[in-house]
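In what follows, structures are represented as structure tokens.
There are two complexes below, and they share chain A, which is joined by chain B in the first and by chain C in the second.
This part shows the complex of A and B:
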């Protein structure tokens, strides 16, 4: 039984990281209507940017470095959308072309990270924290902070979507972009803000992934992207709340399964979930008509 | 009392609120709109009528920025809005509805209205983090106005329902109330009475007259000539993408060209029109 609860605790940590990443990806998809295959590389670049602030040049506290990394990734995402993806999206009606561009972008970003930081693992400069029993769970201080950050972000995103004009405009765009424009919503501005937020969330997710895994590698984001896709699709593509729920489900399922079968099959478990969801509820477990 | 018009928009001033000069639009080789020219007088209700395929909906699409104009000019008040982005046109005070009502289905009825006001401080991330008081005040004002409009249009009890759950008639009312929430100077209504029951036709007619009383100018596409006769001050007749005539309904009945092209067809078709 204790093994189950320990795995459950790790599952909550994974779900926390996954939820941040999945919500960012869902925000992006909800507004642009195309999947960004470079999202995992945004995470990796964010993690390395935080590494520059934390361990390589500025030697800042990891949490402050994380904020810098996230904001820089937000700005980077806006620039990528403005100068690369938006022109393609405007020119080609079919999202397939933009999808291919994001594939290409993913390769470029991955190789950029390899060429700057090399293929070796890097670690953040953080004090070593011992694991402690908290109720039935075995967690360290960093994992608890990551969970708190994730909960705060989910709450913040929820409040933004439900109570602010910005959030309502995002949901309106996600629902019907044409009608949103006709209602006077500046869809270009909302798209820019959405890319900034999702870029920030990618950078943040990449960094907290590096913190919880105690290492960062250039391909860590790409590998994690498949788990994010599983969470987003299981929750319901484009639905922010679905992404949150999907993250919890996939996070718990992968970690609990790892306690009983070989941990190398974590990714496979996520995909089994994904396949069954697509078979029996193709719109996702928590999808309603429309998005967000 | 509910106020409709935002007089700070460039649509304010004297003269016609909308001037449409020789606009054209072709799809492939077909000229859907072929030099339509007309004015929409301020604070009046103007009907846009004509046979099927006359280009009425295309004209509304061109005026609201939903389609690009090939040639010609559109002026809202003193502002040239030809081929302006549609959200900018909406923010200048020109709102529209659609022939088949459209709603933001995943948002509640109340939220559908709350996204409508033109410019809001809450659109800015900076304001969200650093000017929460301003946002709160703005949200409260918008909420009060939205509730007032929902009560007027009989949708208050449905305020927390998702818009997609409404009936066809309720969706029509929601679309009109969302436009009203944006304080339009000019409201384009594309067949507001289409597909609704007679009781609702009377109700919607009343709402349109109420808008006019509050200073909103209305341009509406309408096939129901009884409604046109009853509530419209001015009529523009389109045929084959061109303006055939303008005037009051009784003046148009005397116009042989109009009778031949449109009214004769309606009269011959019997009382359903």
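This part shows the complex of A and C:
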């Protein structure tokens, strides 16, 4: 039984990372209505940017480096949207084109990371922390901080969506862009802000993934991508709260299964969940009408 | 000198092989509008199965794999094609019926990553991360070919196979089946309103495309004698997309052109360049970035590709209908004309309209 609870604890950590990533992807999808296939590489680039601040120049504390990394990724995402994705989305009314462009962007970004930092694993410079028993769980300090960060972000996103003008505009746009535009919402500005948030969360998720797995590789984001997709589809594409719930479900499922099957396949469990969701509830557990 | 021809015919082989792969993806994406981001997975299954059935039984060898039937050449290749089709049936049954284009793409890219993960980790299937090797070179023993002569011989065999498959593909794209595919690509709702079972046609298209993927993959393992997970990283799918988009979506001649430009000139030629000292693999990374950027530039400035899809006109001149003998008759019923113009409108490719 203790093995189960230990796995449950690891599951909560994975769920925390996954939730940050899934919310970032979902926010952007809700507004622009196309999937960003380069999202995993946004994560990797964010992780490496934080690595630069943490281990190559300035030698900042990892948490401060993480904030720098995610803000830079936010700006990067805005630029990518401004000069690449949004022109394609405006020009072609079929989603094929912009999807292929994001797919190509993923190839370019992955190889950019490879050519700058090489294929070797990197580790953040941070103090080693021993694992301690906390209740039935076995966690270290960094994992607990990651969980707290994740909960804080979820609360922040929730408050933003429900109480601020920006959040309300975002929800309106994701329901019906044309209607939002005619109601006087500056859709371009909202799109830009959303890309900033999405890029920031991607950078943050990439860095905390590197912290919890205690290494970063150029392909780590890309390999994590289908787990994010699983969380997003299980939760219902475009639904922010669905993405949070999906992240918790998939995070727990992958880690708990690792206690019973060969851990090499633990991420593939996410795909099994995805397939079952598609078979029995194709719109996801928390589907919004008209989005599937 | 022999070395030089070895390189040239290696390039020729990859040109024809990627022509086959491009035709397979083109019928799925270019003709039917299925954004198959898992395409390289089907290629890999074709390669692995071709290799595993042509190898002898794995007991007593250093490798682990299933099958091991020692099948001779054309049959092993066909087995690879059929295996890829079987995968397509399973995938299509789960995903095609209910999903919008972009969800489908999400699920397929996930499938590609999971397939990669499982084959890499489950050693008993296709020898895991080491992949299959020592796959017998087809007919090299019978014809007493040296390894250089084999490259020339097999490049020509691949050329012949690709021509046969080209002929088959041209028949399909010109047939009513091909027209229905294009109608579904341009607007699935209109196609289904005209009584076409969209799912059935998409499934057919997936099957045809996967067969081509399997054959193309099988040829790769027969040519090189080995195949392992580094040969089919998920990004490889993008290369095939680049081939068809650069060459011209929906145009088989364009695909050959795309295969020449992207696969031969951009991927395999730089592989012969010497490495930059101290930066192992840098050329490869820059190469991949160049392909990605080139594709975006191409999509923006010439989305129809180098050789665009022919715009096909099937509508009769306004107010005319043909009678049974092929002569035009009077009296144009309004509805007939509308249906005809819908079909002809559906023949215009998206890129031309934009």
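Following the convention adopted for this analysis, the second predicted complex is superposed on the first by the 289 of 292 C-alpha atoms of A that agree within 3 Å, B and C clash if a C-alpha of one lies under 4 Å from a C-alpha of the other, contacts with A are read in each partner's own complex, and residues count from 1 in each chain.
Simple rule for what comes next: contacts are C-beta pairs under 8 Å (C-beta built on N, C-alpha and C of every residue); 3 or more make two chains touch, one makes a residue touch a chain.
Predicted model, so just to flag it, every value in this text is computed and none were measured.
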Partner chain in contact with A:95 - chain B first, chain C second, else both or neither: second
Touching partner for A:185 - first (chain B), second (chain C), both, neither: first
Which of chain B and chain C A:56 touches, first, second, both or neither: neither
Partner chain in contact with A:213 - chain B first, chain C second, else both or neither: neither
Doubly contacted chain A residues - partners chain C and chain B: 292
Chain B residues within the chain A interface of the complex: 64, 66, 85-87, 90-91, 95-96, 102-107, 111, 114-118, 120-125, 128, 135, 138-139, 164, 178, 182
Touching residues on chain A, where the partner in the complex is chain C: 34-35, 37, 84, 87-88, 91-97, 99-101, 103-108, 110-112, 114-115, 119, 222-223, 225-226, 229-230, 233, 237, 262, 264-265, 267-268, 271, 274-275, 278-279, 282, 292
Residues on chain A engaged by chain B in the complex (per definition of touch): 160, 163-166, 168-169, 171-172, 174-176, 178-187, 189-190, 193, 196-197, 288-292
Chain A-facing residues of chain C, complex: 29, 33, 35, 37, 94-95, 98-103, 105-107, 109-111, 113-114, 117-118, 121, 234-235, 238, 241-242, 245, 279, 281-282, 285-286, 288-289, 291-293, 295-296, 299-300, 303, 350, 354
